[in-house]
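Heads up, the next two complexes both have chain A, just with different partners, chain B and then chain C.
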Partner chain A sequence: MKTPSHFLITIFLALLLSVPLIQTATEASHGKWPGALEVFQYWPNPANLHAFERHLQDDSLTIQTLRPWIQATQYFALRDAGQQVLIGKNGWLFYQPGISAATQRPHRGESTTADALAAAIHFRDALATRGIRLIIMPAPNKESIYPDQLVSCEPQQHILDEQMRAFLDGCAKANLETVDLFSVYREARRNSPDLLYLKQDSHWSPFGVELAAQAVALRIGASVPTTGLYGHRIVSLTRHGDLVHILRSPVIEAQLAPESITTTQIYRTDTGGSYTDDTGSDVLVLGDSFLRIFEQDEPGSAGFIAHLAQRLGHPVASIVNDGGASTLVRQELSRHPQLLAKTKVVVWEFVERDLRLGTEGWQMIPLPSSH
Partner chain B sequence: MVFTTYIFVFYFLPLVLAGYYALPPSTTWRNAWLLVTSYIFYGWWNPWFILLMLGITTINYLCSLLIARPDATARQRRWSLTAAVVLSLGTLCFFKYFGFFQVNLNHVLTLFGTNDTRMLDIVLPIGISFYTLHALSYVVDVYRGTTHVARFTDFACYIALFPQSVAGPIIRYNTVAHDLRTRSHTPSRFASGVTLFILGFTKKVLLANPLGSVADAAFGAHSPDTAAAWFGVLAYALQIYFDFCGYSDMAVGLGRMFGFEFMKNFDAPYQAESITDFWHRWHISLSTFLRDYLYIPLGGNRCTPARNYANIAVVMLLGGLWHGANWTFIVWGAWHGALLISERLAGRKPLYQRLPRPLRIACTFILVLCSWVWFRAESLPDALSYFHAMFGCAGKSDANILLAAQLYGPDKLAVLAVAMILLFVRRQAHEWSETLTWPKVLLLSPTFAFVLLVMFSQASIPFLYFRF
Partner chain C sequence: MKSVAGIHLLGFCLAVFVLSSCNKPSYRFTNTDKDAKIKTLGTVEVTARLVEIPDGAIFQRDLYDYAAILKYEVVAVHRGTLEKGTTIYVGHYDPWKPRSKAADQRVKLMGGTLREFRSGSLHHMALETSMDDHYLGGIVDKYFGKHTGPTYWAVWTNAAD
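On to the complex of A and B.
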């Protein structure tokens, strides 16, 4: 190379050309046309052009190969886990959009506490016309219970942000029945070393599940756990939490040890089979992924629903939709009128961040016809 | 299309470079190639916007032909210039300010108990503020006789030229007229362009983008505490500088790769010792444009002091409004105008002239920081509540504990520290790129590879000045 200028130009052009050449060669070796030519297949409107640009990037072999390594470097060297996850202390991970929902003013189009409250009152009133009782249970964000694992603050500090406080106050004023898990968990942190949330997951731990089920069962009126129909057995498992999966970096995943979890699985003493719902139950539970974890995920029948059923002494019915507790579960209920035929109590769980981020907002959904 | 995206770096730029250098070395062919590819670049946001750019180009070109006709009377020349100004600024005002006008009209109508007017949803074509000024500078220069009428393709190429069409620097026709007709291409010039492009790319990806997330978190917070508010505005000051300066470096660098020489847009602005000095260093292409095409025609400083202060006020208010249709930009312009007038009253010196130089720089920096609050806030009430937070008057919020986690991560602190150090480096990118040595090349090459890797892990974040 004659001069620094020639050398720099060569390196610059080599970097620019290497990526599309590798991509084209790889696509050709698989008998495909170069993806870059797809731009000529569609009418060039903004939507098509942006979709083409996105596909070009998503399909890039170079990016797919290198991105996980870059993410891992950023994660371990700079403690930067990207836009979705914040790294806390001692291996704790936190869901960034949930934190933003607490710290940031609502963006245009996002729901407000007033929307949630209006939807809850509407739902309660609609159920009341059929003699059905509604119990609302907001599940605290992980960072509301464990802020000390995220930032330096007083040990066992807890957070009840303005939106949640306004929602709970609004519920009290409107005589909406609520289960205040914030108080339950605060008390539990004082009295027990057991963790209420998983370190690598945005959801509660088996201990958090049991306390929530106990609190709801108490509210419903089943003060003494029934032991006849259901038994329980300990099931241990190891797994990476959803906050690790959300990073989409196999390199980071390989470096982080999976979390060991001890769950309590509920089974029927008469058949020995795991707990299953009964769509004809007098208790219907609606909620999001907090109801899915350990229940539909491994090990199964060890989540909130099974534990609530155990404490009530009979099975419950449920509708679970990840991220959809604000509106989608009620929409699904409106499509399944038979679920309300014998219902006397509806338990409605949603995670704290859904006050702002609930999918489809907080729509007023009419109940299905009772016929 | 954004410079720091996969499609631009790995597909668009190599294709444009390959086509450009494969063509015969005639500016006619190469300008035509740059024109076509620049329209593709611009039309990537929305192909219909190309028609608007073409319309502005054609109107201004026709007006320039009328002005330059040998038998044109003074009156005809004046009317042609007026037509170009009215049609260009009218188009700009419609797309950029009509919604703002309607919102404020509705406020006034509501005060008088009248019904609101129906709001039109107008999409702001990207870059219109920049290429309108480009076109007007050409027509005015033809009117003044400081430039000759160009070939249409050359003029259209100047307006559309993708390195500078959407966010500047604001290039005047007469500064590139020679390059449009004849330009030289040498490896050293190309390499200096590559150097600037890499430096600008690095500023955007490694500094501006991470700092932007800090600024967004602070300015979007319910009620940040005092430390968070100052930290947020500091992050924004650094973000807007490294974002816009990075873009300008890339634009100048790309220009050099195609044989053009664009003006330097920044000259270490946060090393300014006064607000007057700041405006000699910040967005130089805009400040000199406003000086030559607005301030001096208004009378400049060759008039009574009172008229001179009024001229400064008008220029800064319009400069603020040019950035966006929001009262926050007008107040930002007024803020700077007031500070410039106060310095003019004191003989072009700041009120803190007697302080040692580091303190003069610090005082200027704090005044500029405060101005960025107006610039960044989404509304005047938001800006005022942010000032409340900065000066310790905000309410307390539990959520501030969590906000600290979003602001003070080790990655954020590291980026902020590096950015602060770079602010006070004496040699800026332009000077650094003038001569290439082996150590510089051995630093630049892995840096570019590293920044590309970081780009792979970032979401595409447009440049801040794309919205103005």
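On to the complex of A and C.
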């Protein structure tokens, strides 16, 4: 009776010991001291011990070798993509923190709708003292427009969560100008088979970009003249979305076919060159990665900014700050006062989830000095 | 996590004999002055002490990249016109990553031996000024509105403790 149990215990201990032995031998073969020794290098306070454990994990050859395969097994066999991504239907992926922000109670330190509203009013009032008009455009979370690709519900179902509803209501009461993309996209889903969001990405599709640019141009309306300065050309590309890259698994990436995307790139008809900003424009666009996609990313000049410029008939100025549209983008504006010199209209885009998760919250940021 | 650490320590004890037969190891926090890049990159080269890490300045951000502004006290000036004892503000790209893994498509020139930012530690840095001329992207600046003067951009950061 003892032999089998001893055998199993030996196998178990060998498995346990193999991890540090392999690690130590590998490090030694590269002429390095064992990473385990780092624990003696710093005072053993909680921060240093956490860092030590994190380094052990990051450097572990076993983890580096096995993790991609375990991740791939979880992804394809169990439909579990980890903490950051949720797997929807038909190849759709969703950004978990956005869903959590819409469905869970606020965590400590997260922003509130009241914070966002107060910052927006403060910004509008500060711009108004210089005769500048503010237009606010929340970009819907993907799951707000396509909940049917995540859970079982009607295909035309559309979610406007409590926080965003409260924000839009608050904007209306405070006479803040907004572009309601939730309504625009709801209408578009009824009338067009074209997708408004990319399946593998957290951002909107080229069609979603065009509708947003159209809606903002309409809102800016007659105050800006239009000319035939810009033309457009179709550029196709294939790429994995950010929700695939965030998994950091080469195995999953190799197994998932990249998404085929047809974009519309904007170019100047007089020079043939792709669209570029003009920092002296009377329209300034502030926002996050929704402005970056297709514009600064491939193929370039095919994102919201270029499409808005085309519809307005002249170039715009812009500040794009990934994940930082709540506060960081206004701080950056504060560091670049020249961008406001000729501005008549500021368009401020931010993603819906930033009502709760905006980096650095919704701080009151003073405008830069006009001198 | 604790069991992983324990296993590694035990493994270390069992593998001491392996180490004893190896060449002299190149310990990863050894003399940074041998690093040629720290001496050639940027326009300013200093050794400075990281004064503090404000709450929320450094955090892991999976979907987006960012830079954080950190406050330093200059301990020694190797290149440039700074003076010893000066307080400077330095932008570090994706500070939650080891410097050797921070470079990417957006910021191609970035590196160093520093593994992790710790309050009070000494860093040997090659810097550019000003940050705006070298980096366009998200900046987490806990000192926003609290300091004037240039913000430096860290191109190469080595541990100097």
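Going forward, the second predicted complex is superposed on the first by the 363 of 371 C-alpha atoms of A that agree within 3 Å, B and C clash if a C-alpha of one lies under 4 Å from a C-alpha of the other, contacts with A are read in each partner's own complex, and residues count from 1 in each chain.
The working rule: a contact is a pair of C-beta atoms (placed from the backbone, for glycine too) under 8 Å apart; a residue touches a chain by one contact, two chains touch by 3 or more.
The structure displayed is predicted, hence computed values, not measured ones.
Asks: Just checking: does A:321 make contact with chain B only, chain C only, both, or neither of them? Give me first, second, both or neither.
Replies: In the superposed model, A:321 contacts chain C only, not chain B.
Asks: Check the residue A:195 against both partner chains and state whether it touches chain B (first), chain C (second), both, or neither.
Replies: Neither partner.
Asks: Which partner chains sit in contact with A:355 here, chain B, chain C, both or neither? Use first/second/both/neither.
Replies: After superposing on A, A:355 lies clear of both chain B and chain C.
Asks: When the two structures are overlaid on chain A, which partner does A:57 contact: first (chain B), second (chain C), both, or neither?
Replies: The answer is both, since A:57 touches chain B and chain C.
Asks: First (chain B), second (chain C), both or neither: which does A:19 touch?
Replies: In the superposition, A:19 touches chain B and chain C alike.
Asks: Looking at A:37 after the superposition, I want to know if it touches chain B, chain C, both of them or none. Which is it: first, second, both, neither?
Replies: So A:37 only meets chain C here.
Asks: Would you tell me the residues on chain A in contact with chain B in one complex that are also in contact with chain C in the other?
Replies: In the superposed arrangement, which is not itself an observed complex, chain A uses residues 16-17, 19-20, 36, 53, 56-57, 60 for both chain B and chain C.
Asks: Taking the touch rule as given, give the residues of chain A at its contact with chain B in the complex, in rising order.
Replies: Against chain B, chain A makes touches at 3-9, 11-13, 15-17, 19-20, 36, 44-46, 49, 53, 56-57, 60, 62-63, 66-67, 70-71, 74, 78-80, 82-83, 86-88, 94, 96, 99-100, 102-105, 143, 147, 150-153, 157, 159-162.
Asks: Taking the touch rule as given, give the residues of chain C at its contact with chain A in the complex, in rising order.
Replies: Touching chain A: residues 1-2, 4-5, 7-12, 14-15, 18-19, 22-29, 56, 61-66, 98, 115-116, 118, 132, 137-141, 144-145 of chain C.
Asks: Flag every residue of chain A that touches chain C in the complex, lowest number first.
Replies: Contact set of chain A toward chain C: 16-17, 19-21, 23-25, 28-29, 31-37, 39, 41-42, 47-48, 51-53, 55-58, 60, 84, 95, 202, 242, 246, 289, 321-324, 328, 331-332, 334-336, 359-360, 365-366.
Asks: If we count contacts the way the header does, which residues on chain B are in touch with chain A in the complex?
Replies: Going by the criterion above, the answer is residues 5-7, 9-11, 13-14, 17, 43-47, 187-188, 190-192, 194-195, 198, 213, 217, 220-222, 397-406, 408-411, 414, 436-438, 440-441, 444-445, 448-449, 452-454, 456-457, 459.
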